[in-house]
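Okay, got some structures for you below.
Paired with subunit B in one complex and with subunit C in the other, subunit A is shared by the two complexes that follow.
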Partner chain A sequence: MGVKVSLGVSLGAVLAIVAVALVGGGVASLQPVFGIIVPYAAFVIFLVGFVYRVVDWGRSPVPYRIPTTCGQQKSLPWIKHDKIENPSSTLGVIGRMILEVFAFRSLFRHTKAEMASGNIVYGASKWIWLGALVFHYSFLVIAVRHLRLFLEPVPFLINGLDLVDGMFQIGAPTLYLTDLLLIGALSYLLARRLIVPKMRYISLANDYFPLFLILGIGISGVLMRFFIRVDIVSVKELTMGLATLHPVMPEGIGAIFFVHVALVSTLFAYFPFSKLMHAGGVFLSPGRNLSNTSRAKMHVNPWEYPVKIHPYEEYENEFREKMKNAGIPVERE
Partner chain B sequence: MYDAWKILVGLAIFLGLFTFAFWMNAGKAAPVPEVKIDTPEIKKMPEPERKCVEDKHFMRTTHMQLINHWRDQALRDGDREYVNKKGEKYVISLQNTCIKCHSNKKEFCDKCHDYAGVSPYCWDCHIVPPEEPKEEPKGNEL
Partner chain C sequence: MAKNPKYYESLNIDYKPPRGSWMDRPIDIKSGIYCYPARPQVLKSVGMNDRSDWGKYWVIEDEDWELPDDWKERFLAKMRDMLDKYRTFKIYMDICVRCGACADKCHYFLGSGDPMNMPVMRAELLRSIYRGEFTKTGKMLGRLVGARKLTKKALRQLWYYMFQCSECRRCSTFCPYGIDTAEITIMGREIMNELGMNIAWIQESVSKCIHTGNHLGLQPQAYKECVEAMLMDIEDNVGIIIEPTFNRKGAEILFVTPSGDVFADPGIFTLAGYLMLFEHLGLDYTWSTYASEGGDFGYFTANEMAKRMNGKIYAEAKRLGVKWILGGECGHMWRVLNQYMTTWHGPIDFLEEPVSPITGTKFENAKAHKMVHIMEFTADLIKNNKLKLDPSRNDHLKVTYHDSCNPARGMGLFEEPRYVIKSVCNHFYEMPENTIREQTYCCGSGSGLNASENMELRLRGGFPRQNALRYVRDKYGVNMLACICAIDRAALPPAAQYWNPDVGVTGVTELVANALIMEGEGPRTHNIRGFEIATWEPEP
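Presenting the complex of A and B:
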């Protein structure tokens, strides 16, 4: 697919969801569909799909050690071993995984290739690492903040997080820093795919779609908080109904809320089938989660079977007469 | 499955985190807060005059933006006159306009703010209105 098709398909899909929710959310009789049934269905698809994908990966055999090594392997005592970048023990793997999951270590290693006076040179390029880190942590804080709508009474820590996120007290309701950071980081991640020719070349609709989707979630949320206000108490009545498994549909919630919920539901339902499964996949990456004991230990393929071999000696025994008749030299007469 | 117990522990943590709200709420009802608008000042008014500066839906959804706007208009521009959508004039003042009627912070403001997990900073500067002395049953004198 060309870039125009990819962009068109992914942006079109997000806009179609927005349009459907905007129309459906405005019709009172359809509101329970968009407010209760779709979110529940999406959440179930998410949980079941996520577990299915992880179990599926878990069933795949990884008989040999295939970590991506990024440092000196453990060898002789006077050669300094890089315990985290080339772990030889479970402890080292845990350290490596913590760095990978919480700090995106492998992305920090990102380099950029450029032609300089006829030579290709590689230089550090940390922007993608920074953008990804800002995006993921902002999204995490936003998700945790939303627990205020699903817990009653609201726990102290959630209220505290809310206060810290809105600490500059800009406007009322206060502007959340993570809202700015999320939309900023997503815009960067999208612009990167569109502007850098190499990125544009390898970007597909399934790269653009999650970006547009999460941008849509962020923008609809910001719109709802600052510009097209909805009654938060009615919203919490709905969300608490979902969380207590006694769903209710309060009246008078604006259509913008259903747009937000439809986009979030799409994200949940789409998650297990998409590249977003890297959330679970990072833990099951044999390139990351295996210690490098390829030399230190004997690794035997557990389902190895005896291979039927036919050595030259047997071959010659079988065909000696025919070979002699054809004038082909033989090793033993 | 290979490394089954590690993967199952991971999946249990995943499911636990994502269904956290369901467990916390299990068997609990979450009643919607009902704000009280029965302060003495409101009761004094005849029924048809019991109105806020704007309509109920606007006040429920957008009062914080209105109050924020009022603060800027009154304190930064020195303009204390507010004309509502119907053309009626009001004095911009939290103490003398809003709280004159809604003097019951605990039963009015805090009810929804606590429910929605909102912590407005009105009272960093403004004086919290004194609660009406309630006629509490006298405790035993022991």
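Presenting the complex of A and C:
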């Protein structure tokens, strides 16, 4: 697909969801569908799908211990071993995975190689690392903040998070820092795909769609908070009903809310079938989550089977005279 | 051979890919880039799938490759099998987000500008087939989600680019999920191997390794002669007479090294280095003509073939009754030894935990595998003051060190060789940090791609390494590139000759041997290459 088609389809799909939710959410009789049935269905698809995918990965064994080693191996005691980048213990692997999952360690290595008068020049290039990190953490904080809609009383920590996130209060209602960061980071990630020729070349609709989708979620959320207010008491009644499995559909929630919910539901349902599964996959990736110990300790492959090795006997039979003439010892004269 | 690009300036590398989707672009298979196909009779001789049952000669540049009727079924069945056997493969097919971190990390991309050589695209070639043939969304939505069916065009493209990856894993260092393109290439090659679609250079080597023990096809007497050929040089230049043993039962140690070093310059000087070092130590060791190849060319075809080749090392160690095995300088040999060998054949209870007979050091990191790397072994000797060294004999050299890609990223052997080099050379300079250690580049010819018909690919792929080398050559006057891989020693000299004509290539053990003060040595006026040692002064 060309960029235009990929973009058009992705954006079109998100806009279609918005339109359907906008129309459907405005019809009172359809509200339970958009407010209750769709979120439940999406959540179930997410849970079942996510677990299924992870279990499916798990069904394939890890026959060989093949981590990419990015530091000094453990060898002689006087050589400083890089316990994190080339782990030799579970603890080291955990350290490596923590850095990878929480700090995007490998992405932090990113450099940009360019040609300048016949030489390859490497420039530090931390923007993708920063963009990805800001996006993921903002999204995480926003998701955690939303728990206050599903819990009563609202736990102290969530209130605290709310407070910190809203520190830079600009007018009322509170402007959340993470809302800005999320939309900013997503815009950067999208712009990067569109502007950098290499990125445009490798990007698929599968890459644009989630960006538009999450952007839609962010924008609808911000709209709801600042511009098209919804009745937050009714919303909490609905979300608490969902959380306690006693769903009720209060009246008078604005249609924009259903847009937000429809987009979030789409994200949940789409998740297990998409690249977003990297969230689970990063933990299972044998390139990172194994220790480099296969010389010290045997790693067992469940499907290993014996193979035919050209036997020495055949070799000697073929070359015996030549070996004898050359003074190479033989088994049988 | 294709016309080689004349100068790097005229390489005209443009990292900007063309507009439009890669799926619409025709495949432009160029001579000079691809390797010749494997011959059916060679495949047959080692019991591998061959193309002889569908007869026709396979012409790479033909649009329409003749394929058997059931080629798709065979391809997909093998792919399914590999997905079920390797978690790596499944996960790497599923989780790439196309963030582009790998895009400019591949030496073939940096040397050619061909966008399909961006690691992400190399993987997408296979991933698109995976989506189109194995996932529901891909089957339903097709190209919209980057999925495509397995077609002859897709196969040609896959073949072309799977043999433009040297499995060096540089990209995987930068991947936020550790996706390893080497693993994907390994899978892709094994799947295509099912259709007999391998390359001649690899397959000839495999066949020779099976029959004669080494990829050069040297029969036992010839292998012995090649090793012995160096003895005369040593006698001339060092004044020491060495009598190595072959296939000797009861030796303490079996020494295995890539066979390239018994044959070709400059590897033969590394070989001379081994002979001198072991003689000096009085090591109770033996060479083997049967296990005379450390390199595992089967690794570039299929897992089973890799295991078949590698198995000879333990088989020979068992037959000879040695205690443990010492491994020479080699790249992918050590990736295989480190990450596969024990799993393939273990537990290895017929050998003992390696202990250096000279220093008494236990190599605990190899206690299950029972093989020690020559750099670990030598670093331990030097640390324990077991070698008398005169580094000034290497004073005419300004040395830099090329981290051979497999021992770097498939093992983590960074400090041992540096320690050794710094102990035997006074002038050592590092190349820029983006090009060494875990970020090191491939020589450009790894994973069985050092044929001659693909010289343009090799020189292009070698460009990033050579470019870094040129930097230290210009800045510090570096004139010697040290490495610990036989393919490096075969591939770096032509690349250096092209990009850095005044820089030589050496194995690390050659540097050691030149600095080594041996008991009973004659006046060391010449190094083992026969060149005068500039700092030599006669005793007053």
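Simple rule for what comes next: the second predicted complex is superposed on the first by the 302 of 333 C-alpha atoms of A that agree within 3 Å, B and C clash if a C-alpha of one lies under 4 Å from a C-alpha of the other, contacts with A are read in each partner's own complex, and residues count from 1 in each chain.
Basically, a contact is a pair of C-beta atoms (placed from the backbone, for glycine too) under 8 Å apart; a residue touches a chain by one contact, two chains touch by 3 or more.
Fair warning: this is a prediction, and the values are worked out from it, not measured in the lab.
*Asks:* Pick one for A:Leu163: touches subunit B only (first), subunit C only (second), both, or neither.
*Replies:* First partner only.
*Asks:* Is A:Pro61 touching anything from subunit B or subunit C once the two structures are fitted on A? First, second, both or neither.
*Replies:* Both: A:Pro61 reaches subunit B and subunit C.
*Asks:* Applying the touch criterion given at the start, work out whether A:Leu284 contacts subunit B, subunit C, both or neither, answering first, second, both or neither.
*Replies:* Touch status of A:Leu284: both partners.
*Asks:* Does the superposition put A:Met199 against subunit B (first), subunit C (second), both, or neither?
*Replies:* After superposition on chain A, A:Met199 lies in contact with subunit C alone.
*Asks:* Which parts of subunit A are in contact with subunit B and also with subunit C?
*Replies:* 58-62, 284
*Asks:* Per the contact definition, I'd like the list of subunit A residues that touch subunit B in the complex.
*Replies:* It comes out as residues 46-47, 50-51, 54-55, 58-62, 147-154, 158-159, 162-163, 169, 171-173, 229-233, 236-237, 240-241, 243-246, 250, 252, 280, 283-284.
*Asks:* Considering the complex alone, what residue numbers of subunit C touch subunit A?
*Replies:* Interface residues on the subunit C side: 8-9, 13, 15-23, 47, 83-92, 94-101, 103-105, 110, 115, 118, 120-121, 124, 136-137, 143-146, 169, 172-180, 183, 210-211, 213, 219-221, 224-225, 246-249, 289-290, 304, 307-308, 311-312, 315-316, 319, 337-340, 342-344, 346-348, 361, 363-369, 371, 376, 379-380, 383, 408-416, 419, 432, 434, 438-439, 463-464, 467-468, 470-471.
*Asks:* Of all residues in subunit B, which touch subunit A in the complex?
*Replies:* 1-4, 7, 10-11, 14-15, 18-22, 24-25, 28-30, 32-33, 57, 60-62, 64-65, 67-68, 112, 114-121
*Asks:* Write out the stretch or stretches of subunit A touching subunit C in their complex.
*Replies:* Within the complex, subunit A touches subunit C at residues 1-2, 5-6, 9, 53, 56-76, 78-80, 82, 85-86, 88, 100, 104, 106-107, 109-115, 118-120, 122, 128, 132, 192, 196-207, 273-275, 277-278, 281-282, 284-289, 292, 294-301, 303-304, 307-312, 315, 318-319, 322-323, 325-329.
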